[in-house]
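Following: one structure in structure tokens, then a few remarks.
The letters A, B, C and D name the chains in turn, as written, and every chain counts its residues from 1.
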């Protein structure tokens, strides 16, 4: 069985926030925010990521690569170029990919004694946009 | 790279509930409910927000503005005009925007000793509605 | 501003599970599972709810009514007719509505000392199905 | 009332991660990751599941069967053939079904003293893909 190329080339995550502190062993219990990106196709996906803020112009593009038939669980905490995402700050993100991908948003918040989790499929722009 | 206008002009969030009490430092650990609204376009988005209840007519419209290329993480707790959303009460929300936006729903519930989180992409009405 | 009828007439929630015990004051911290149903239209929505199980034929239809311009946060725990949903048991649900509605799925799990939450927009069948 | 066949034949979950340890009574509080699969139709759904990783070729197909008018809450922890999913490891999943189904993704993470939950509807590929 060979899965087809699945997904969309444009995705958006309206909620973004990296909690400013953590509780528990790191790196796994470090408060973090992730975009999980699945590329089922046979071509490398080259992705431009833009970050939107409340009170300034967008940051980016951040250049992301996801190999053929690979998944990348990208931690926003790890982004460094062209800049770092500030912690404790509201943001949103948009992904423009050269190949169809599937993107899901997850946050682990360990600011209090037991961690909390959230996740949602990201918003995929309809084809033809 | 310039992202296109992404999203829909009509969004709905069926689940709504502001927990009535909190645990931990405020404002960040205050129990709250948020609609994160991303406007990737070059025009200001003017949004009419209506709130639906179990046993009364809808409230609103609340007038929301999201700047061009900006995100707004709107806390329902902060709404005041034309009225305040009661805490501990079931509600739903509908957003009608002048421009395409992307909306995601998040709740932080800190009623017990460790906070809980939920999030989901909101429901976007198909184009042509 | 008058929102149009928003939503779909057919919805499904694949995940269903009512935790078997709870921790904290009731009814608000009782472990429960909810389908939040928003009816923005001017007509009453009459909904047939079917519950699917792992190892038996489906239960239902359960008859649900959501008034015009109202929301109903339906707790699966409260269903009684034609039968009660067993706790600690895997199930799924399907909603067939006479009017377009929007449905979101939420669970509060208070089995341990701090509650956990999950939520997601339900699956809406494409028009024309 | 007889619900129609609801859903899609191709689904993807970009986020996948089985927490490596647990806290509380098992099996219900064992950290686990689930794909809830609903088959409302009158035919058995035969599903090929592929698992994608960060740094190796995909695993599978895993063969999954969901009976007519049944739901299956599949724990990724339980997969054994053709291989076991490693714990504490990033992955993604793709489901190719012989019949329309609806799939939702859920994780229970009990690594700390109170469990955390996440859930989202999976990504369904548009018809015609």
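Convention: a residue touches a chain if its C-beta (ideal position, glycine included) is under 8 Å from a C-beta of that chain, and two chains touch if they have at least 3 such contacts.
Worth saying up front: this structure is predicted, and the values here are computed from it rather than measured.
**Student:** On Cα atoms, by how many degrees is chain A rotated relative to chain D, nearest 5?
**Tutor:** Chain A sits rotated relative to chain D by 90 degrees.
**Student:** Determine which of the two chain pairs, B-D or A-B, is joined by the larger number of C-beta pairs in contact.
**Tutor:** Between B-D and A-B, the larger count of C-beta pairs in contact belongs to A-B.
**Student:** Over half shared numbers or under half: where do the identical copies chain C and chain D land at their interface, same or different?
**Tutor:** Different, since under half the interface numbering is common to both chains.
**Student:** Could you put a whole-Å number on the gap between the CA centroids of chain A and chain B?
**Tutor:** Computed value for the inter-centroid distance: 21 Å.
**Student:** Please compute the C-alpha centroid of chain B, do the same for chain D, then give the distance between them in whole Å.
**Tutor:** Here the centre of chain D sits 30 Å away from the centre of chain B.
**Student:** Where in chain B do residues touch two or more of the other chains?
**Tutor:** 112-121
**Student:** Taking the touch rule as given, give the residues of chain B at its contact with chain A in the complex, in rising order.
**Tutor:** My answer: residues 1, 3-4, 6-7, 24, 28-29, 34, 36-38, 40, 69-73, 101-104, 106, 108, 110, 113-121, 124, 127.
**Student:** Name, in rising order, each residue of chain C that touches chain A in their complex.
**Tutor:** Interface residues on the chain C side: 112-114, 116-117, 120.
**Student:** Over in the complex, which chain A residues touch chain B? Could you list them?
**Tutor:** Touching chain B from chain A are residues 10, 12-17, 20, 48, 50, 52-55, 57-58, 60-61, 88, 90-92, 94, 96, 105, 107, 109, 111-123, 125-126, 129.
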